[in-house]
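In this document, chain identifiers A, B, C, D and E correspond to the written order of the chains, with residue numbering beginning at 1 in each.
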């Protein structure tokens, strides 16, 4: 019930701004309130603050430091509009930030790169969150739908100066964000693998309660996973192209690594999709095999007992043996009853032999 | 019945002008009468009028304003021919306007762009309407099959000067029309999603009445949807190419956004098609599972009662126990009847244990 | 029977000239006798004649008029060879004309274009006829397998000077021929649509007599249709390329239109193929659903009557109630018989309630 | 049995030289002994001889004549090595000649073209033979696995000077060999068509003995056929490319023809593969339809006779009608027996009417 | 059980370094301890030694000899880091060496080529081992997960100076390693072929015990095989490109040969995948055919014995023939019993004839 209800919900509100002029900022009334956090770092120095007054933001961006403005919650339309104006974001890009049903993509604006990416998490069903990333000179601007992300280890590396991030520019930070997102797909795809393994076990051991339902859920989720993972891979791939000037050559090598991971994820998703499809066939096959078993039992029982019952029926007939000596003389034979039982045993034995010959006992 | 009849109708009249010279204007006798409405606007000024005398039309097109000539109803061949002559439309393009079974496409003529697009609406079945758009210098000319379209919000934005449309050229108007059409696909695709959700519910809960029929209808409609959505996407994509000189760079950015939407629509349509296909498998699987259940009930009943009935049959035989002491002595035992009933109970219990061991009670 | 025989025939004689030198003209002995008809026209003037003496042919080709030499029947090897020599046809092209199992294709020779095209007609099964078209300077040469084609309306247009054909060159004539052929595919594809509609009706209403046979026939024919329609589309597409110098720019616009039609045909064929495939699944699904119905009836009958029969059997046993009071005392009860009937009714009612609970009556 | 054994054999020895240095000539011990036949021809003159002493070979190649060295049997490693040295064959190419599991391919060496091709023959199962062709200046060198090929008609044409072969260079000879090989695919593909026609007949008429086995064999063989036909087509296609200098422009036109044939073969193979796949579905469908028939018979019989048997059982009960007037008074009615028979007839008639209403008699 | 457990395990730990900075070397705690073996050779001279002190390694690389440093076991993080520093390996490349779940790939660094390859071995299930290869000027560096590889024959050829390896540079050695890996795929693919042959036999002969399980295992393994074989082929293909300067022209010809083998492997894997898929259909088909057989037996038995039993039941009724002459007069006929038996025989014969007409005996 709950699941189906979710199913319905999923197909709703894919585009709420139909009929409005393109570039209109229409905030989802259910969106989370907006908070802005800034991390600013150079090789020698890190500051991290929560910004209350947006007006102070532009002053923060400097030539010598990398500024990461992390906006969480898309519920405050005014704040978003002011951020858009401050950082010269294109209205269409800002609309895409708010309308959280975009496919991952890279858009190249004269002085900025705009990337739409997507976090994927598998709890009972697949859940997704859109993360929009702007890369401009000296700053990275990220928009998240809600609290909780996969960037905590990265923030840690910035704070504690591990890895290259403190020693590189804003493009490396953007790469590191992408890498964190792509890497967060691996646990999800592994969870899919585990679910399919469990389903396969259940299918092969003949469980049938709810199997088809679970299989359909996994297939649906894999379809959705794939729908986001493919363009995610293409986005990373597009970033590597030579004509993207905001990315330095050194970061490009790291992007190649991130692209490898994205390829692997897509690859595994395809494999799992294949497995999901074949599991339905397996289920049908196992189910038809079980039917065979059931029918064999029925057929054996019926084949043995129907003739026996018939014989019993014959000798239960009430023909008057006094009327003529042709009428059921067996009834008065000395060994009439043993004879009848013997005939029955012979029949039963014959049929059992017939079944044994057909191999029905071997694979029941 | 009604639906099938529609099915037949759908495959009729796909091309009625076979044998005529190409470029012949052959009006469908069932087409709606033609009405011409004109909206003319600049940054400071809007007029909207219904044109009775076509001869006044060409005078309307001016250098300083954008003129949108909206032709509704393709029933008046003369009027269409005169419009064609006035706006220098190519005869083949005009033929495509009238012959409303075109796939969406972009054709580039020296001074004009000609786009065939298609509105899609899902009532009981998918219904479509061809909308042809000519973009020339300073004017946009649209041809619709009948009243009722998805452009009302756009007309509103022109009238009330919301968004960019009043401040841009005819190319932006053409984009806005395309965008309105593509956006109108979202409710349709969502409706498909809902139908598939409903069908999935029904399939999984084992309803069978008319399921296959409904599933086939959805698959057919999705096939048709896809048949129009794909070339629609390609049309938007082709418009973005550098060599289309009628489109300004600024509008091109907006087209990129429209293209994103078209890609998303196609994407969802593909997903839904996949789901539709797998639902048929699910249906087969559920159906075979139910057969198993039914057969288990039958087999259990038969397996239990056949041997019991056989025993009863044996003791219903009429062998003459007076003839010899071998003939059915059980009949005269003191506890013959309880003995027989006990044997029956033992058999029944044995079979029940056998079924329980086989797990037939667990997943019935 | 007849159909199968045709099936066998279809796969015969696909290439009869194996082992012969390439370019050898080997006439099929069953081919129709050759007739040559010439239509010659300019803007002001048309003549149409049947040529008896081939020697007069070359004189007919002139600079100011377009000459259409229409050869019907490929049975006269000598005549074909002489035609080949007169019009400087490449031996391989001429071989392809005679060997009527070519796929549609365009071949560019220095001074000529050679097109293989194919007429498709759907009577009981799909039937095809190869039409070869040579386009040279000022003339078009067509080879047809037999009388009867789709060019009559075109001949009419030439005779009565309707459309552009009389005012254009030989390239337009070649286009008009191609257009006539492609347009003749529409009735065929519509007929496929009707057949599939009928089949769907029959499948869904559970008819099974010969369904699979008819479905296979449609799928086979669609496969064949597609096998010719795809390369036909590619042929038209190849003709539009810039490097085909025999085609004028103006005709190229018309070819674009023809290409659109070809694309639509291929598109519909793909859709119908999809439907054909899913119909087989539907058939299986419907068939399994009907099996469920049948088995439910059987199971209900057996489940109700087996226990009843068993009870009747018990009270038909002949235990000697005189021998002890344990032996079937019910037989002598005052209400023994009503008691037995009541027990039977209780059982039957219980099972009916069980079936009703299981929902077996709802969707029978 | 034999077939399966062959199946096993097929997957053996795909590459026997694992671990050896690349370019090592490792002769299959089961290969046929080597024979070398030479045909040498110019426009005016042909000689044909069997070469015993390989040392005389190089002297044979001349500037004015075309020399075709045809090596049959790959069993004599020394002879092959000497041939390799004489004609400057690359060691890797020679290894490919001996290791007869190559896919068809074209390799371009500085002064030679090396083609691997494959003869296909359909006896009980598909059998293949690798034919390697070297084209050098003035000579063609072919290696065949065993006696018997499809080149006899070509040799005939050389001997009797039919066609262009005697008037063209070595490149035409190479083309003629390829053409002969590709043309030899047509009877094979036709045989596949016939087998599928037969199988379809058998499937539709409900034969089941060994059907699945035969179907699997055909599908396997088609898979193998396709595995060789595809790269064969690509090989011919690659030969046509402009950068292959060993091929003259004139021969290139002939190769285009050969390419057409290869395309047609691949096309038909794809179609047949499609048919093979759908035949399995048809088989399943027919099989499920037959099950329905069988079950209807069973259900009708059971539904009619179970209630009748029950009635008979009731009146076979031994309730003591002397004990009370409630105990089976029917037994003593005047028309008790006819009444019972009538009740039975009524039941039977009722069920027959029910079945007739359900349409079970229409499509049995 | 064990297998399933393995299944679960397989999907674990695909990427353990999530959250760590890219390029971090995180050694798997279960990895094998590291051993370093060096083979150094020129045309005239070979040395082979096991290196204990890594510091001596760099001195080994010389201009005149080829040095092959073979690192087995990835358990010693320090040693690997030192090796990375010595040979100037990029940190990302070194991370890929340790994280053994990479897809095969080629990465081009300024002075080095880095290849990830994969050994595949089929014991009970498919097992894989990642082998990383660095090709630098004068040296090849390989990293293996554990002892045991397919390079022993190559080492032999180096020691005994067979083949070209001693006479070529480091690029030839890298090629030889790749070639050995690709060639080691052939026995694996052959084993797949054998398994499928066995499975086909079992499926066709109707075995059902564990068939679906085994089929799923083979399909899974083939999926995995394919997942590594495809990029392996692409890696070899990428190495052949002109812009890979580390590869000499001569080696490139050998790589072409290796590429051919990789193509053949992928080809066979695709074929086997196809067969695996169709085997599931065959299984379903065979299973449904067997059900038909079983049901025919049941139906025949029931159809024959139910009417017979009914007749017996009728004459077992206790209607009082004394009460009237309408009550079961047959019981007192002279030939009542033979008459009843005759009626039974007639019924049985009639049904047998009916079944024979329906062809149920022909294909049982």
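What we mean here is this: contacts are C-beta pairs under 8 Å (C-beta built on N, C-alpha and C of every residue); 3 or more make two chains touch, one makes a residue touch a chain.
Nothing here was measured: the structure is a model prediction, and the numbers come from that model.
J.: List every chain that touches both chain C and chain D.
T.: none
J.: Between chain B and chain C, what is the separation of their C-alpha centroids in Å?
T.: 25
J.: Round to the nearest whole Å and give the separation of the Cα centres of chain B and chain E.
T.: About 40 Å, centre to centre.
J.: Two or more other chains in contact with one residue: find those residues in chain B.
T.: Counting only residues that touch two or more other chains, chain B contributes 281, 284, 288, 291, 295, 298, 302, 306, 309, 313, 316-318, 328.
J.: So how do the chains connect up here, line, ring, star, complete, or something else (other)?
T.: ring
J.: Could you read off the chains around the ring in order, chain A leading and chain E following?
T.: A, E, D, C, B
J.: If you look only at chain E, which of its residues touch chain A in the complex?
T.: Contacts found on chain E: 4, 7-8, 10-12, 14-15, 18-24, 90, 92, 95-96, 101-103, 105, 107, 206-209, 212-213, 216, 219-220, 223-224, 227, 277, 280-281, 283-284, 287-288, 290-291, 294-295, 297-298, 301-302, 305-306, 308-309, 312-313, 315-318, 328, 330-338, 340-341.
J.: In the complex, go through chain A and note every residue touching chain E.
T.: 152-154, 157, 162-165, 176, 179-180, 183-184, 186-187, 189-190, 193-194, 197, 200-201, 204, 253-254, 256-258, 260-261, 263-264, 267-268, 271, 274-275, 278, 281-282, 284-286, 288-289, 291-292, 295-296, 298-299, 302-303, 306-307, 309-310, 313-314, 316-320, 323-324, 326-328, 359, 363
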